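Multiple structures follow.
In the two complexes below, chain A is the common chain; its partner is chain B in one and chain C in the other.
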Partner chain A sequence: GKRRGRRAVVRCQQYPPLRALQASAALRGASDEHKKEPWASSSQQHFDSPPAGHQPEQKPQGPHPSYTGQGGQESEDYESEEQLQHRILTAALEFVPEHGWTAEAIAEGAKTLGLSVAAAGLFHSDGSELILHFVSECNTKLSELLKKEQKLVQLGEAEKKPIDEFLRDAVEARLRMLIPYIEKWPQALSVLLLPRNIPSSLNLLTSMIDDIWHYAGDQSTDFNWYTRRAVLTAIYNTTELVMMQDSSPGFEDTWRFLENRVADAMTMSNTATQVQSTGEAVVQGLMGAAVTIKNLAGLNQRR
Partner chain B sequence: MAAVRLCRCRCRALLSRSAGALRARRGLAAGPEMHFGFQTVTEEERREKIYQVFENVAKKYDVMNDSMTLGIHRVWKDIFVHKMNPCPGTLLLDVAGGTGDIAFRFINYVHSVRQRQLQRKLKHHQNLSWQEIFESYQKDKFNSLGDSQVVVCDINREMLKVGKQKAQHLGYSEGLSWVLGNAEELPFDDDKFDVYTIAFGIRNVTRIDLALQEAYRVLKPGGRFLCLEFSHVSNPLLSRLYDLYSFQVIPVLGEVIAGDWKSYQYLVESIRQFPPQEELKAMIEDAGFFKVDYENLNFGIVAIHSGFKLHNENTSC
Partner chain C sequence: MTEGINKPVIDRIIRVDHAGEYGANRIYAGQMAVLGRSAVGPVIQQMWNQEKNHLKKFNELMVAYRVRPTVLLPFWNVAGFVLGAGSALLGKKGAMACTVAVEESISEHYNNQIRTLIEEDPEKYKELLQVIKQFRDEEQEHHDIGLEHDAEAVSRILGWGSWRSRK
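Now for the complex of A and B:
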């Protein structure tokens, strides 16, 4: 995750001049967590023990882990295959509104980087990797946004939002990132639901929901953890679907729908506690009634 | 009699294959001994013999392909071009593409992709006047391939002649050019092509490593190398059946249909001499290609190897 990337950067700094041969700095900044250390042997696993607390692992790669098969040919001068693929996908995003989530968009993206259009062959022809890349990028942006807000609250420069407003704003911010691609997004959703892609897309979805709850201050370690995630996932998915066919100006209908769902969820949690205490009260009442009857029938007496 | 000859051939095959493969891997120009089928010959002899083989079979090449593979070679080539998934604007170099099978399929594929693109464009512009629609058709009539081009390169003049005749017969005129050239020394500049394909040809190249290096040279950064070739069947039962079919049926077909036993004997033997999938993959990686992998068709009877040129030569240290 991010911890891993930061440790990598420290080691990389020993050889600064050799690194920057091919990449643009802006994209490097964005791809910080996807950097693979060039001289790490392929057999070495970079899985440090997972850091305490909820740091979601954001896996950038889609269903096909790319392998170089060159076993360590990545020297300091070359960016790795993965970085190049990452750059191509990022460049391809601007062609998505026109070409859709297809190999054509990837080919156009490769062209802007000075590569041949055949580089689109590096990826699947149905655009899965492109979509997963986009989703992962959006999730990263959301995380950064939430972290910034949290920092402001910690510094005392902003008010801590109540939970329902926080969730609402987070989901809205995340869904707004879809607006430039909204026309072709239904196509993307269907590709994400292909059996091949479900593990990755589910992973990305759950880590995003996890992220939001983490920044919302959720510290639960009991069953509530699951219910909260399930509830927010449902809210997010349904709002996304509403957004697909929303034609109101500025997507007002969608945001209103979101507000109502979040409100529902809040009352539901209140209702849940109410139900629980009601349940307890009812049980106690029944117990009391049973004891009373026993008393009346004389069964409780000890002769 | 034939069985004895087969046994002896196999023994010699084992010896010459290991020697030949070793030399091929080391790429020694000094070692003059190479394999021609199961015989051992010098490099020069090998080139000459192969040239003669294809000179003899050129006219009947397609007919023989159909009868030997029972028409399945068409499916293989279709899968091959499908895997390439070219978009309009691609520049393809088809090496050892003699009779043009891959080139024609490429043109068909790109043409249909282009048609779909144009249809989609028109669907978007629903409010055009008839005049504008007419003009767009006119404009795109001269661009039905979207600037895609294929260069067919072959070392054998006879094969190219047959290919040109076929193209004329089938009506392919646009985006096609025919060049005489040697895969080990291509007559093209660096960084020119988007895709380099060699279908059922790399087996006949005398110095495979040189051909791979040339492929790397002429490809643009981001370009793709694709190779369709007979390969090794790992399944033992299938392998036995395949051997039986290859050595007993194919040369006979060759004699009956093309009147040439020896050429088809060579063909079958050369398949056995060719390095298996993993070895070829290693050779492709050695030439500098990245993301090299292969896909077996029909359990390994045929394999498609693919690799990408990801870096510009000039930036390598």
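Now for the complex of A and C:
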């Protein structure tokens, strides 16, 4: 999981802006070290946030800032670095439609939390963390939605959807989350494709697709596991791209495109069954060959 | 069941074990294709049935823990069958020698996993440990059965040798 237990927000002292810049510069240096897996990072770092307008109620915790991993003195009322960044990025999303996935949006978000705009210095200037944060939040929302629906079906309060409808609805629900940010989404897509971000963005994409199949009731333990996920990933990605260029009312062109792609996939799965029976024929051929060789070698006699 | 577990470790264990049991299934299938109607057929069939149960159990665990199957499954499908059929073409001794070798390495592999899980947290992984221990014991049985049948040839030679030396 992302979080390591809950900690209350620290009541911070007033810090001069210079100290804030030092803090953020130092922290940016630290986050560079963790650049390989920015999204899987769960290291605990001490961070005294440079706020504006907070009452000084207690002294800072230990050396500032320190990167002592799991050790170090962490008292009850201390917010982790990760949680703070999470809050800043969530607040920043409100400003994305206006400012794009940029440091400006993050700065505005930080301001609404009563933090200095220098907090934007904690993040890359291309908005990578903000975009990844957004994707992760959307995926979490989708999971919760699917889990809720599953519960309703289990309680008998809803009908179990046929597979094509389920996939269609899940992909549509997930893509609809982009609508408030659709103007700036192409920019986000290109950032997600930066080599530095690919491990994280790919990870987020594959877990989302896996989640959808899980709730769709996929229980395959053979190669179908891969086929299904590959097919759904293709459907999702192509529909997303169509959505970027769709100007029809309510994105109806996109949803129609989605419906057709899912229908294609269902027909293809019948072809896949044919492929499988071809596979069985091959196996039978192999068995026949084994028996033939045996006969030729005179081994097919009762021992 | 899936809360608080060391997901990467469990993932790997279940994926590898699933692949192993799948491969073992294919090996026995290959052996049966060649020796199915020979005298040793029923012995191989019985061992094969147990492997089928093992595979079924790992299929269930795979779904429960949401583990992805190995991408090499199609390869193990063919390779396992070829190994089984190939060794069986060498006759009963060949098939049993193959069984002995495979089951020995599987048992060792299961033992390593048991050790890993116990080092991690025997309480948390109690169910999984139970399953692996049981399977390890059954694979050991197969190994012993293989020795029994394979060893017949060896002991015949030993017997002849000792008869000759007595003369």
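Everything that follows uses one rule, which is that the second predicted complex is superposed on the first by the 201 of 303 C-alpha atoms of A that agree within 3 Å, B and C clash if a C-alpha of one lies under 4 Å from a C-alpha of the other, contacts with A are read in each partner's own complex, and residues count from 1 in each chain.
In this section, contacts are C-beta pairs under 8 Å (C-beta built on N, C-alpha and C of every residue); 3 or more make two chains touch, one makes a residue touch a chain.
All figures in this text were calculated on a predicted structure; none of them were measured in a lab.
In the overlay built on the shared chain, the residue A:214 is in contact with chain C alone; chain B does not reach it. Judged by the touch definition given at the top, the superposed model places A:84 against chain B, while chain C stays out of reach. In the superposition on chain A, A:226 contacts chain C only, with no contact to chain B. Chain contact summary for the complex, chain C toward chain A: residues 18, 30, 33-34, 37-40, 58-59, 62-63, 66, 68-69, 71, 73-74, 81-82, 85, 88-89, 91-92.
Of all residues in chain A, those touching chain C in their complex are 210, 214, 219-223, 225-226, 283, 286-287, 290-291, 293-294, 297, 299-300, 302-303.
Contacts from chain A toward chain B in the complex involve residues 21-22, 66-70, 77-78, 81, 84, 103-104, 107, 110, 113-122, 125.
Residues 84-87, 89-90, 117, 194-195, 219-224, 281, 285, 290-293, 306, 308, 310-311, 315-317 of chain B touch chain A in their complex.
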